[in-house]
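Here chain A shows up in two complexes: once beside chain B, once beside chain C.
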Partner chain A sequence: MQQETPKQIRFVGKLDPDFVQKMWRGWKKVKFEEEMDPQFAEKVASYPGCNTLFDCIQCGTCSGICPMGSFMEYAPRKIVGMIRAGFKGEVLTSYTTWLCASCYACTVECPKNIKITDIMYALKQLAIKEHMHPRRLPIPVLARQFFEIVKKFGRNNEGKVVINMYFRTNPLLPLRNLIMGIKLYLRGRIAFTQDKIQNIPQLTKILNTVKM
Partner chain B sequence: MKDQHVHHFEHTDVKVGVYVCHCGINIASKVNVHEVVEFAKNLPNVTVATEYKFMCSDAGQDIIVQDIRSGKVNRVIVASCSPLMHEITFRNATQHGGINPYFFQMANIREHVSWVTAEKEDATVKAKALVAAAVHRVSKHTSLEKKYFPVNPNVLVVGGGIAGIQAALTIANAGKKVYLVEREPTIGGHMAKFDKTFPTLDCAACILTPKMSQVRSHPNITLWTYAEVENVSGYVGNFTVQVKHKKRYINADTCIGCKACVDACIGPENIPDEFNEGLSYRKPVYMPFPQATPSVVIIDENSCYHFTKGGCPPDFSSKNGHLSPQLQSLLRRANECFELRDFQETLKLTKEILKSSPEHQETLFLHAQTLYQLGMINEATEVMRNVMVKERCVAACPKGSVDLYQTEAISEIQVGAIIIATGFKTFQGERTTQYGYKRYPNVFTSLEIERLVNASGPTGGEIVLRDGKTKPKSVAILHCVGSRDLHSNRYCSRVCCMYSLKLAHLIKERTGAEVYNFYIDMRTPGKGYEEFYEKLCHENVHFIRGRAAEVTDWVLSKAELGKLVVRAEDTLLGMVRRVPVDMVVLSVGLEPQTDAEEVRRKFNISCSKEGWFLERHPKLAPVNTFTDGIFLAGACQGPKDIPDTVAQAGAAAAEALALIDIGYVEMEPNTAFITEENCSGCRICVALCPYTAITTDPVKLISVVNPALCKGCGTCVAACPSGAAQQNLFTDEQIFEEIEGVLEYV
Partner chain C sequence: MSYLYYPGCCCSMKASGKAYEESLMAVLKKLGVTLEELKDWNCCGATMYMAIDQMQAFGMASRNLALAEQQCPNKTPELMAPCSACYVVMNKTKHFIEDYKEQVGTPIRNALKEAGFTYTGKTKVRHPLDILVNDIGLDKIRQHVKKPLKGLKVASYYGCLLVRPYSEFDDVHYPRSMDNLMEALGASSLEWPLKTRCCGGSMTGTVEDAGLRLSYIILNEAERRGADVVVTACPFCQTNLECFQQRIQRKSKGGISDLPILFFTQLVGYAMGIPERELGFHRLFVPFHFSPKQVVTEGVE
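On to the complex of A and B.
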């Protein structure tokens, strides 16, 4: 791939740094075919319920209805379009999938019955598998910690999840939320003692069967 | 029948000619044709076996003709393509040679062998087996004749929209008699509701009403409105149709449409007008719209006092003065009791009054009402007859056309062809809940807007909000409501983009409002359609590429206060937009009529999965159905705009004329027949026959096949437990011989 940097572009006279920056951004908008992953769409579609993504007519209903859409860098419609085009890097590193609140509004409204929320889950799984998810974003960490605890004890423990998450993302944040934490504890919303289910080996067996 | 030189040969005299076709390289590249010919020469009864490059060519056919004429062969086998391709070609050649065309048998060694077999050896073996099967079979063939049936020259057109009108006029102009049956009180259909038509913007009424009145006055057209087809029996060329004339309570032949009855009617005036999509109100007696054809009023039995309350309320004002105060107080008490639903008491009081003043109308009326409420309807009717005042419409009608005791009538007609033009219905806006139709008053469907912009509509062409006076300053038109949506209809309704553009233009022109079109894809394929879209772009109509996600009154800014907000992603810009508007128009899609399934069954035709009537072939027989003699026109076959509908109606009329003009129908002789001595009269075949071709002979108590109706499907043959049902060209003998032929040489 030959990608010229702006430095190699010759200009007469002095370069305006602002202009160079804009040029650079504009240049990055050109997507070379060799940067794409032609198998990416097939890969995502192989997840259960995700082959519906080929039905997309890019009508934008999902993006229009999405309550989190305005915080995403790529709205759901774009994500589906990018998957089909093979923008693997952009899709898997984006925050969009992690911002999805799983409200299922898009799935309900989609005129082609595309299971967009399921696709988001597939992308989350793929991103973790390929180690491409945003590292210090609390959401994937929270999900992972939640799963680890449930896997181990069969029940969730809010206190543990929150503390584990903070130490893996921003260790200073708990100090700011300390008072809220104490209040939650006093009202019985957070417990620090771990509940367990009776037959943990059976749960482990189930989880092993589904290869988690 | 037409050929004079038909010879009948005995089975012992069988001389089979086998002709193997190369079909260029289609067959010859896979099948060793020469080997097949050599093989065929050794088969029983074969006198001639030869090969040729293209048997279907004139030269190829000539070989067959010469061989028959020279007496070398009297049975013909052509091993070539499928019967669908060339069976008729070779049958004609066989007949041309001088023997019965049904002494020909085809062996399909192209579609069934060379095109689908991988190995050359396998292909040759299979070709040999098929040729052997045909040689065996053809010796059992008998001489058959085509059947001819006369055709009734009349045509029935079902549905009086633009498709039905066009088809009826075309046939009537050709000098044939047409029955046009419409179930609404007037013809005109959906087109009569439109103001302008895209893309030329010519007024719908100006081009439709002349055609409507032409239908009314045409000597060859019998127009029956407010009538429905009740039953269809018979077969191509000879249909018997029963038409039910619904109760209109007006004698349609004498009514002159003066509307004196409408003026006189004192019935409720708050009944939503169906023609105006409920945007205006009408009386129980009404004319659907001013240009209705025929110009005949109709009485709605669901709201007329005659049917709901037993009669028009009498005029009390002048009579009360004659009553003594005592009677008056009695009457008041009776009225009060009636109000309190104490009917027994009311009855007692009214009887008391009637004793002293027997002609008093209010009392009589009250009496009748009480009886009616008590469920004594016959007595109530009897009393009502005594109320002196006639129903207002009856009294007002100068021609005596009002007939409140009209009954349903059935007409039976004989026709040769039927054209179905039952049209479509629009999608119900409330089914897409996210757009808030019927929840927010200012969400309209496109058909409502069509009525609003129409100069003869409820507002006289003023586009106003649901309050009836405010003009909208901004309008959103949402495309694809009920189309391209797996929740409702999967298909594209084809006309919505164009009519949305038309409405956008009309709204812009009449109100100067900002118009926003929310579309998924702009589909403007048609003559002058793309140019119309360009014109709209120049008119500064906003086009937002994105399906509207929702319509809400949830306000996020000051500008949105008191407005409806359309939320959608502008997919071309990649941004979510909130557009506050005064009026939302849902461009609803087209759907099959609710009773399409019922109609389908009545006429014995097919429906597609969505409910549109199915054409015989989407490209080569677009107006034919799978039932011979029944044709389709217009949107009952699929969403269509007016030009396409009219074109298709013309095509259906031409097909119907082609059928009735020749005067007879030709039938293949491959029909089923019942061997009388074997039939036990179990009637299994009667119930199974999909074409209702089998009936039971009332005297002999055995089944009889009507060869005109039989399509030769073989269902009865397979089902008959005693083997009495047999089919020409597929008798047991022939089939077994064919199987033996295959097995013997494989």
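On to the complex of A and C.
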């Protein structure tokens, strides 16, 4: 009996200290208040349409209805909860906001009329502003290409935006999509000429005034 | 009846949705509607611009609304936007300018004023489906039908942005307007639950696996319910469901067979007896064939 007790203790002690430190990552989920950003929720709520964020009852309707929900690391309900708790880093670096296809299903279904799609837009803007968006995801790259082309010319060119995105993310992908491109071209469904608006200075003036 | 016409650039008229413009023009011409293109229109900003800078996106869209007011000073300008994304973005801009006066309304109005516009917010943004069903009316369309599509099972796919989030002319959860239009053409419309489910949007180009998966769900359900053809109202949905169909078939290991995807205007024009070439049928990846005789005998059996 006397021998068994130390054995048991030794067994408990042998529960590998390395395991706790290296293998088990549960401690990463536990955060101290100092590590969170208490102002984050208010920052998000300051965007137009996002102030209903605090009404959320965490029912999960948004996560259930979201067509992209199964691809996200945090579903919309969790994102709203995390914003309110102040998990700024996790929220802004996650893929979730960028996977939102903005189909407005959650906005329509929400029992508390929270505009979740607009919250996602606010998070996207915040992530771009603070350079925290996921680097290797093509979606922010596409958004940026679209933004720059439209800002410059006033109109968009589908083919140009897509080709630019491919060269910035995965240069081999255009080869894979070449057949599709040729098929589209033969049917006259893709254009390579850049359309422009006539009064570009006027548009630039509007955009610059709004920015300030 | 006359409307201002906003063609939209990102996906529709000069690019992958060319057939939509061709068929829409042919149908409206036949119904006696005159269109006037909005002069010097710019991109609406779509969903991408909003992700980078929302305020600038509102500025872009509101320029179109202000241009419409400038072009029609004496009456309420009705701006027809055929692309669902343009339609929803311009509607959203209108709503946000009214609903969030301090955050959005005032800066946008100031910016427009500095650029030499007066914005009153009287521009109405309309969708061709809304115009066909509510302004022209199903009775008038019924009179124009020359080739009734008897026996054709049509799955109406509205896409996500047509009725959401601001249901201007139809129910948010289970819209019926396109089904009624198809029934007016003599076709039988299919009741199916995925009418407003998202097709993946630009996801098929960026995160291909996810985007194709969403399109697959829609195609699979339409086929399972016995649809002969799927009609859409959005150039993005049409591109996703049709051009990527072969790739979806390969990924789902033959889970779905060829299903023609048409714009609803193409089918309206077809029933009205407009030649196929004018409706852009030659631009389709999956050809659409319909022979009423064969279908009628099937129905008798």
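What we mean here is this: the second predicted complex is superposed on the first by the 188 of 212 C-alpha atoms of A that agree within 3 Å, B and C clash if a C-alpha of one lies under 4 Å from a C-alpha of the other, contacts with A are read in each partner's own complex, and residues count from 1 in each chain.
In the analysis below, a contact is a pair of C-beta atoms (placed from the backbone, for glycine too) under 8 Å apart; a residue touches a chain by one contact, two chains touch by 3 or more.
What you see is a predicted model; the values in this text were computed from it and never measured.
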item	value
When chain B and chain C are modelled together on chain A, clash or fit	fit
Chain B versus chain C as contact partner of A:Gln194, first or second or both or neither	neither
First (chain B), second (chain C), both or neither touched by A:Asn170	neither
Touching partner for A:Cys103 - first (chain B), second (chain C), both, neither	second
A:Phe71 touches, of chain B and chain C: first, second, both or neither?	second
Partner chain(s) touched by A:Asn113 [first = chain B, second = chain C, both, neither]	first
More chain A residues in contact - chain B or chain C	C
Partner chain(s) touched by A:Gln39 [first = chain B, second = chain C, both, neither]	neither
Partner chain in contact with A:Thr61 - chain B first, chain C second, else both or neither	first
Minimum Cα separation, chain C to chain B, after superposition on A (Å)	6
Touch list for chain C against partner chain A, complex	9-11, 14-19, 40-43, 45-56, 58-60, 62-63, 88, 96, 99-100, 103-104, 107-108, 110-112, 114-116, 160-161, 164-165, 172-173, 196-198, 200-203, 205-207, 210, 214, 217, 243, 282-285
Interfacial residue positions of chain A with respect to chain B in the complex	57-65, 69-70, 75, 77-78, 109, 111-113
For the chain B and chain A complex, residues of the former touching the latter	434, 480, 484-487, 520-521, 545-550, 567-571, 574, 576
Chain A to chain C touching residues, read off their complex	47-49, 67-68, 71, 99, 101-105, 107-108, 115, 117, 121-122, 124-125, 128, 137-140, 142-144, 146-147, 150-151, 154-159, 162, 165, 180, 183-184, 187-191, 195, 197-199, 202-203, 205-207, 209-211
